[in-house]
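By letter and in written order, the chains are A, B, C and D; residue numbering begins at 1 in each of them.
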């Protein structure tokens, strides 16, 4: 087998498993997604004790079946790309590897095969493969908005973390171990539960002073949720505005047009 | 009875039960809404054990009374429209059918007559019938904003679902059955309860590591609520901007223009 | 005493208790606010059993003292205004009356004197009296934004209410009385607790199907909070924009200027 | 030692501990931050009983070590600045003092040394010292937005507080002590827990009427979170808009202009 004959075959494989513009490529994607979904569901069901007792063996064999399937697919992917290392260390390459490792590791360390649910992240590839342009564009927009607001969000998170450390410690001093505030880390955990308005109720203040401070934390948490919301809204609005703006009128240079505009709204020139 | 005499009668019925511009039509609507409200309340009260024991018989007869009433109304509606099939398979046609079925089904499968509360959806027709233009317009606006942000929201929901699957499984491994994390589906349920800041507290982490991961999930959930909010706000703002404008192109009837538009963006005609 | 002499005295009283531009008027306001705050705190403390047992008598006499004080003030207010009926039936006139009634009613119906906390609403007058222009303006803006978004909010609330009725009934059928879903009204209560992300945990689903539906409700609730937020943000933004917009350039008619603008930003003309 | 010789030395110290433009200054900052982080972690761990029992002595000595270290640093800071009083009464001067006091006070009042976690606020200085311009700018923006929305937020908070006082009292009358609503302050605490959607579930209404009122409070709380969010979003958007603009008037140096401004709004000069 010469290299020349080999190349087209490798390229054919590449087109099938990495792209989705051929019939067979789309079929491959649909089978892959079904297999991923099935394997994740099996891992989930296996964790339910009553089902594990009854169907444990079937689940075990199916888990190995899917793991070997995905391992073979992983190896074919390495074979199919021109530069294997660029695939292996890419985001999806690492996900593909992590998606099969737990089964092999579970031979040595039983109990960790539940990590196989990480396979669900492989479905992210669907968005990419099926060339769902709209979804990609929208996801890009969200990512862009979050990326450009990251500095503000870090400042916000640092403020929140400092607050829960100080407030949690105060509650530890006020309430003490009797109400469940047994240590400062636990009190900080409680402060986070309260500030984020989750409110489990497994620990809750019993003294008057503690309840007053808790009320302050709640109102604080209720109010400052406005901050990340405001940040993301403003950034998203800016990103939308920027992306919507690629049309420019060649006659009057008006550069703000709707996506469906065919004529300039200011001078009536054809865009 | 000739067809000629029949037609006007059918039209008259149509005007009464489908429209609300005549006195008798409005009266019909008010009676209908009252009947719907009453029948829903009766189903609710019937589910309260103490009331069921005392007034069960009365509730039973009233339920049948309203069901027969709505069945007759349903048949008249079918009779009144020109093309029955277009009504039967319309949104409100299906709701009208579903609103009477549970009573009949409860003869065969007792206990399911509580599904009658679906009747509450029939009240949605009020907005349409009473020609509450303002409300319709506003509802339209909200729907439009949600519709045009659906791609972003699907991306967001997929991210959230992937996160709770992975985080829930991690918690299952960390906490185990002792703290109530008895299976991965249950742990995913817990992760949703936590991420959405509901926080029942029926299951809550007991180990230090579990509480740390829980704290991360909470802060994540507290933060990412900003994303759907940002999406809807931006879309709503765009819809408002577009609708607030009453400019209609006299040449091509395009009716969505920016406030500062001087020319039609579709055909280039001067506005 | 002639009417002439009486008039100025009545006007003087009016200036003291209804306005705050004189020294004595401001002093009156400060005393009034202190009295209101004190009387509300006393009602609160009186409800704490241990304090009631020890200081019950003192609280009782102080309550009567404040009630008589506010009654006298109420009568003077009626005397001071030109047209008593316009004061009596105004918002603050009714609040002033309701703020003293519970003490008198508690002679006949003991236990209802706790309603005296309604007095806290009298402090709202502070904002008005002290001529805190900025606060009034801001409150006005918020009210305006909420008022112009009321149609959208009613549509939203109606949708939420229909949803919790249908979802609550479904949960009643799925879970049944064993998990605490003893009736449809109780299940609707649970659905509201869950949809609003409050999550007490006094009632929580036990079956797999119930937990799946609960997860859907939570994610729904987590998502649709975006809707009122979006509505209010957009309206508030419009109100801000409108109010900021009173300056119009006399030369070029540009009407969007900052609050601190002295010159037109488009043509440089003095505003 | 003459004053002349002393001055440069003092300035050198100042440059090291107050600024971060020299190598040694940056090294000092990194050591300081590490020391702060370590000392806070030690205080936290010391509060965990099992760790306190085993390593209590080590924690005790390390606490004193860090306290003496920070005390020395505090004294050097006072020595290094030109006008000690301006440092001592500045925000960071007070934080620096409060960060060492609890250890000394714990000799007299044991148990209060946990207040040492206040040291975490010293890390705020990092942002300032390391000249993290981007973060400062972003923090400045958030602060600006919150500052200019403070009037609206105070109006909002006052409305929320009045509501929880009135609603809490109503619940106290409706539910009574049997359901845990033992006093008005406790009922107000419950109302805050509910309105902010925290929902511990330690106290929850048992009567039908109480649950109906609770449902109203929840929907209210779910809805009005839109208000602070709307306020902050609008303000943040305005601040962004203003700051995003780099136009500076060459005549009067006014640097806040709209994006479409052609003339200075303060002096009318062409930009």
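Heads up, the rule we're going with is that contacts are C-beta pairs under 8 Å (C-beta built on N, C-alpha and C of every residue); 3 or more make two chains touch, one makes a residue touch a chain.
A quick note: this is a predicted structure, and the numbers were derived from the prediction, not measured.
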Original post:
Over half of the interface residue numbers used by both chain B and chain C, so same, or under half, so different?
Top reply: different
Original post:
Copy of C-D's interface among B-D, A-C or A-B, judged by over half the contact pairs being the same?
Top reply: A-B
**OP:** Determine which of the two chain pairs, A-C or A-D, is joined by the larger number of C-beta pairs in contact.
**Re:** A-D
Original post:
Farthest chain from chain D, comparing Cα centres?
Top reply: B
Subject >> Where chain A and chain B are represented by their mean Cα positions, the distance between them in whole Å >> reply: 29
Subject >> Whole-Å gap separating chain A and chain D, where each centre is the average of the chain's CA atoms >> reply: 30
Original post:
Roughly how far is chain A from chain C, going centre to centre by Cα mean, in whole Å?
Top reply: 41
Subject >> Where chain C touches two or more other chains at once, by residue number >> reply: 185, 188, 197-201, 221, 225, 229, 231, 233, 237
Subject >> Of all residues in chain A, those that touch chain C in their complex >> reply: 197-201, 229, 233
Subject >> Contact footprint of chain B on chain C as seen in their complex >> reply: 151-152, 154-156, 162, 165-166, 169-170, 172-173, 177, 182-185, 188, 194, 197-201, 204, 208, 211-212, 214-215, 218-219, 221-223, 225-227, 229-231, 233-234, 237-238
Subject >> Touching residues on chain B, where the partner in the complex is chain C >> reply: 40, 43-45, 47-49, 111-112, 114-115, 117-118, 120-121, 123-124, 127, 134-135, 137-139, 141-142, 145-146, 153, 157, 160, 185-186, 188-189, 192-193, 195-202, 221, 225, 228-229, 231-233, 235-237, 240
